[in-house]
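The following pair of complexes shares a single chain, chain A, combined with chain B in the former and chain C in the latter.
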Partner chain A sequence: MAALTTKNIGGFLARQGIIVAFVLFMIGFALANDRFITMDNIFGVIRSSAILGVMALGVTFVVIGGNLDLSVGSMMSFSTIVVLDLHDKLGPALGIPAMYGMTLALGAFIGFLVGYLKLNSLIVTLGMLSAIHGLTLTYSGGKNMDIADKEGTWFGIFGQGSILGVPVPILIFALLAVVLSMVLAKTPFGRKVYAVGGNGMAATFSGVPRARVVFMTYLISAFCVATAGLIQASRSLGSQNTVGQGMELEVLAAVILGGASLLGGSGTVFKTVIGVLILGFIQNGLLLVGLEFYVQYVVTWVIIILAVWLDIAAKRGRLLSPIA
Partner chain B sequence: MTKDTRANLVKQGAIWAFIVVELIFFTVAGNFMSVSEQSFIDFDNMLLLLKQSAPIGIIALGMTIIMINGNIDLSVGATFALSAIVLLDSMTWPIFAGLGDWVIPVSWTLALLTGVVLGAINGLIVWKTGVDAFIVTLGAMLGYRGLVFMYNGEQPTSHLNWTLVDFAEAQFLGLHTATWFLLGTALVLWLVMTKTVHGRNAYAIGNNREAAVNAGIRVGPHFLLNFMLIGFLAALSAVVFYSESGSVNPNDGMLYELWAITAVVLGGTKLTGGYGSIVSTLGGVIAIQLLRKGLGHIGADTETVNLVIGLILIAVLFLDRQLNRKGKEELKI
Partner chain C sequence: MTDEKPALRLENIVKTFPGVRALDDVSFAVMPGEVHALMGENGAGKSTLMKVLGGILQPNEGRIFIEEESTIMTTPLDAKAKGVVFIHQELSLADELSVAENIFLGELPRKSFGRVDWGKLYEQTDAILKTLNVGFNARTRVGDLSIANQQMVEIARALTVDPRAVIFDEPTASLTDAEKVVLFDVIADLKSRGVGIVYISHRMEEIFKITDRISVLRDGQYRGTLETAKTDEDEVTQLMIGRSLDLSRNEEHREHGEVALEVRGLSCGDLYRDVSFKVHRGEVVGFYGLVGAGRTEIAETIFGLRDPSEGQILLDGQELRIHSPVDAIRHGISLVPEDRKGQGLVLGMNCRDNMTLPQVDDLTAGPFVSDGAEIAIFDQYRDKLDIRTPGWRQTVGNLSGGNQQKIVIGKWLSMHPNVLIVDEPTRGIDVGSKSEIHNLIRDLAGQGYAVIVISSEMPEVLHVSDRIVAMYHGRIMREFSAEEVTEDSLIQAISGIESEKVA
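Our next item is the complex of A and B:
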């Protein structure tokens, strides 16, 4: 067992640190409060993380492709408002596909700007954050959107229903995670996403259609956002215009926590799911031990920086940066 | 005049040309569409516009330096809120009870100090850990917001000091106090960026960090100094704004970072670092505020403003790329 030197253990901790931290947190909270590890609580946490989680799955693709997406929050507000409005105007069976179509159109627009026109993704999606927010407000006239007949609709199933005792949002999250994980890990397209994010120029010279791949990552992100909007709308059957505000950065935090590099080319769907669950369980654990919800912000801050720092430190082989 | 400097002049003039276009458009359109009799280019209206640009403007000026240096700061909104809470709360602390109105400079100092310390934390982490500033300040945005909530729960923090309100509402030579702070900040930062070693090094680091290191520039201390500077400016912005309003909600300042970055980018500063100017950012700030006021003036809904600003931001990015493309970037893929 020569492998068990201090250096190797340190390397393992740094590489798989996020999973180790996750396990430690779970054990700690389980010891502190017996309600934490009950089935009810675990389902509750995953169900409330599902909306953030579904969005994070899509953003993982964008980030691995070497870009950012800051527009997912306001895009989620948009799809929530649109689907609630169309529910009453067209009926849910037509309204849901129509909402998906409109959200995908927004995603395609961003994908066109970033992929084909090669504009900086941070600024494009920052601009779209503002523009889509304006679009949502114009669409709704600034008012809250509510379903007229809340009792007589089957629309609530996506957010409130459960199949075989498992809440539907969890099923959607899990299904999407498995499918997207397959797409990223097992298909040629998935490999191209890594190639484009890892070294765009090398990918281009190897014949990978960079523009189309980036375009597709934004379409996937928009699809996930539409799904998140559907869950959100179905859960509450009514919504404010600002329901997704600020979520773009939380989503990004979950993706980074999962170990995806902002420079692109690394990260996996599975790790993003872990990142989402860590955020969810920390929030829940801190509440259960009697702390206010905002303590989690401070804890998240420390965890994000430690996680990324250890990751970088393991790669360069020393703790402190070589910056003079 | 060489070709390069002429191109630079065109670029730096673009934002001011845009402002002139806005003024003409809203004046003409206002004649037909406005609900009020008042003309758009009203002197008082313009003074108010400058005053309203001050809070975001002061932050955006600091963001310019951070971005010229090749970094970004997403935590300014939370720093703004925490400094505001320290400002208002410290005025009610029992130890300062005997000071009377002399508590004002003390509270100001404490608030500004808060900003500097928060900025220094970010700067030190960026320097010592080597983690990208985007991630560090993204984390800090959450963390500092958590501190804001921990200070006073979800309750607003309020304290009105009438001497302070009088000071904040005063007009000196016609301009409001907030405007003076905005212009003063712009002047000082312009001097820093164009006349000092620190400014020159900030450009050099942003332009090519490796070359700067090889030239013997110590990158870390410049990062630290710039983050302390933007922390200070976020706090200054809070001081200017909350001296007048006297009440801060724990959610105040949210998304300020994005508005500030929008103004900086409109002013032509490059996200990749090494290029940008304080004066152009001032133009960007004024252009956005003009747009807000102008759209309101011609009777457009406030929601249209977000839409228009977002699309303009993308259009600017596109135009900038098209203009720069010839020659320089043709070789890059």
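Our next item is the complex of A and C:
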């Protein structure tokens, strides 16, 4: 009986550990700093999480489909630099769709390699992380990109504007989250993403075109990255070449924290949004209690490794197991 | 022999899995210097017995004795240390390492500071290889050896521990005739050294050539031991197949409809050659043969998973171009695959979503999947196939094997296929559900479906088929009607005996 109880507690922690840890963190932060639970702070956290969040929505599709996307950080740099450059060359009305086109082309290329050629997504997107970074530097000649006439453009609306008091980045994040949530949960395509990620072989044996589904997940990811780049560029109207660098890991962290399995086949858009918020609040909380911002790198990764362990433990039904 | 102690003895071994009694009170003994065949159909319990012996599974009841000393095998390494060694059907060697490294893997001779003593390693290895009389040496890279020679490396590995008993699991499955002779010499040599040998094989010819006694398992039970010299193939076959109550021969005589599926001169590389057959509406055609005879590969070709190198596939007289399962499904060809968990189901998904997966594009209201349409299909086929589940939300991985299989069958039936191919319909399914699935297959033919059943279990093939196609080594050896078929002729056909007569 005692053994059974221990096992149950282990099982509960394995399933709900992230929520438990999050609640403990929140309580700790709230006690340590009374500014933590204020409307201003909460709104601020959501707004600063929006760019990360938009990217995480796309990566959710890729991960549920059983693959990884580590290229989103440098792809976001690419989108940001390109749209700023084209803003002055073509004007925003043409520059924005052109930037979307170029970013989607990158996503299509990755989707082709991983979906149709069946190359390992870790290797492909790790390679693309570096390749796209090089592409961005080549494009910009290594210089920062700035919009010449910052006063006379409407381009700032995506990053700085607000509608009915709600910042536009939050609106975009919310709108995309709702639409993509419907796509994933309600459409035949969404169902196929789960099937391909859950058991690609069985999906193939059921007539699901696996390669095309994987391809589409990377297109969706690229679309989200382009949108994130748009918000980023619009917010500062100028950017360095490295603006998105390292974000691929934070994005992946948010997706995993939300509970999407790295093995594919499980997760939801809603859970990813929760993951994004957890990450945002924890990082914000660490700053508010007075820790230097670089501490968050350590804490974030401790949490993520914990999350991955608990994910696998939940599958095994126990915290430790002699076999994988 | 009576005053000798058995090299290895099992007493009243019971091993149960949820819903299945895989080994039911099995006792069995091998004497030193004896080659003892262990026979039984697929699913009779041979591999479970081997896993118990090898320390991979622990028996629920019963005891294991080595030279009459009671022992417990905790792990495969422990079994080896106690002198029980396996030569597996699938080799477990590291291709990139030398023969010597493979043989002494994990126990390489050491010098000071943990350095490997290569001189000693090669010396010891060559000494063992010499007794096996093989044409390669200790430094050869294992990946460069033939399958037969790799098997010799496995045997050499077994000899590092002075074994009491060596268990060969289908050792000749991928050997040529010349290579078999070498293997049999080695077995004879082991025998003369007083090692007890357990020899698992389906091949009667070999069994009668090299074994001293034959023990038979059926449905997890020990069915008796025969002296090889005093018995014949018929008696062994009888003991192996027996007659379980629910598996009578198919004796229905039905009128069949038009030809639904026809295959003409189909070949696919080395997998199978020049295969032709027809399946009528309302007919069950059974494909029987040993594992690796090419049956599954034919099914996969018809379902668009493999491209044939030659030949035609026709449906209702029209030639089809099938390059993917999507094409096959569009033409109403469906496949219930042999590996239910790996190929048939997305185990983490719920029952309904698994069942409707191939047609989810058609079950929409606007851009979204229609819950109502899906649930209607699920409910209809749950009732029709008597699928026992608490509800459609239940994760498929939590269902029993029989119910899982019904979900896969329902997945295709709900699309009203022209041809239903069922590969190993009852693998890993308990006896009760087995006969349900069999009845279901008979019923489907009765409703006018053209059905192909691929099975490695003879009673199953005899029970469900109107016609039986016997395959051996990628070729169709013979076709039998249900009335004319006999067990002997079937076994001969799938063992390639007729082909030898012709040649």
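Note that in this section the second predicted complex is superposed on the first by the 297 of 324 C-alpha atoms of A that agree within 3 Å, B and C clash if a C-alpha of one lies under 4 Å from a C-alpha of the other, contacts with A are read in each partner's own complex, and residues count from 1 in each chain.
Note that a residue touches a chain if its C-beta (ideal position, glycine included) is under 8 Å from a C-beta of that chain, and two chains touch if they have at least 3 such contacts.
Predicted model, so just to flag it, every value in this text is computed and none were measured.
Considered on the superposed chain A, chain B and chain C are sterically compatible, since they fit side by side. In the superposition on chain A, contact of A:Ser266 is made with chain C only, not with chain B. In the superposition on chain A, A:Thr204 makes contact with both chain B and chain C. In the superposed model, chain B and chain C sit 70 degrees apart as seen from the Cα centre of chain A, a figure rounded to the nearest 10.
Of the two partners, chain B and chain C, it is B that touches more residues of chain A. In the overlay built on the shared chain, the residue A:His133 is in contact with chain B alone; chain C does not reach it.
Once the two complexes are overlaid on the shared chain, A:Met182 sits against chain C while remaining clear of chain B. In the superposition on chain A, A:Tyr194 makes contact with chain C only, while chain B stays out of contact range. Aligning both complexes on chain A leaves chain B and chain C separated at their closest CA atoms by 5 Å. Across the superposed pair, chain B and chain C both touch chain A at residues 201, 204.
Contact residues of chain A toward chain C in the complex are 182, 186-188, 191-192, 194-195, 198-199, 201-209, 265-266. Within the complex, the chain A residues that touch chain B are 70, 113, 117-120, 122-124, 126-135, 137-138, 142, 200-201, 204, 245-246, 249-250, 252-253, 256, 262, 292, 294-302, 304-305, 308-309, 312-313, 316, 320-324.
The touching residues of chain C, counted against chain A in their complex, run 303, 305, 324-326, 328-329, 335, 337, 342-349, 353, 357-358, 360-361, 363-364, 367-369, 411. Residues of chain B touching chain A in their complex: 74, 125, 127-132, 134-136, 138-147, 149-150, 153, 213, 218-220, 223, 254-255, 258, 261-262, 265, 271, 301-314, 317-318, 321, 333.
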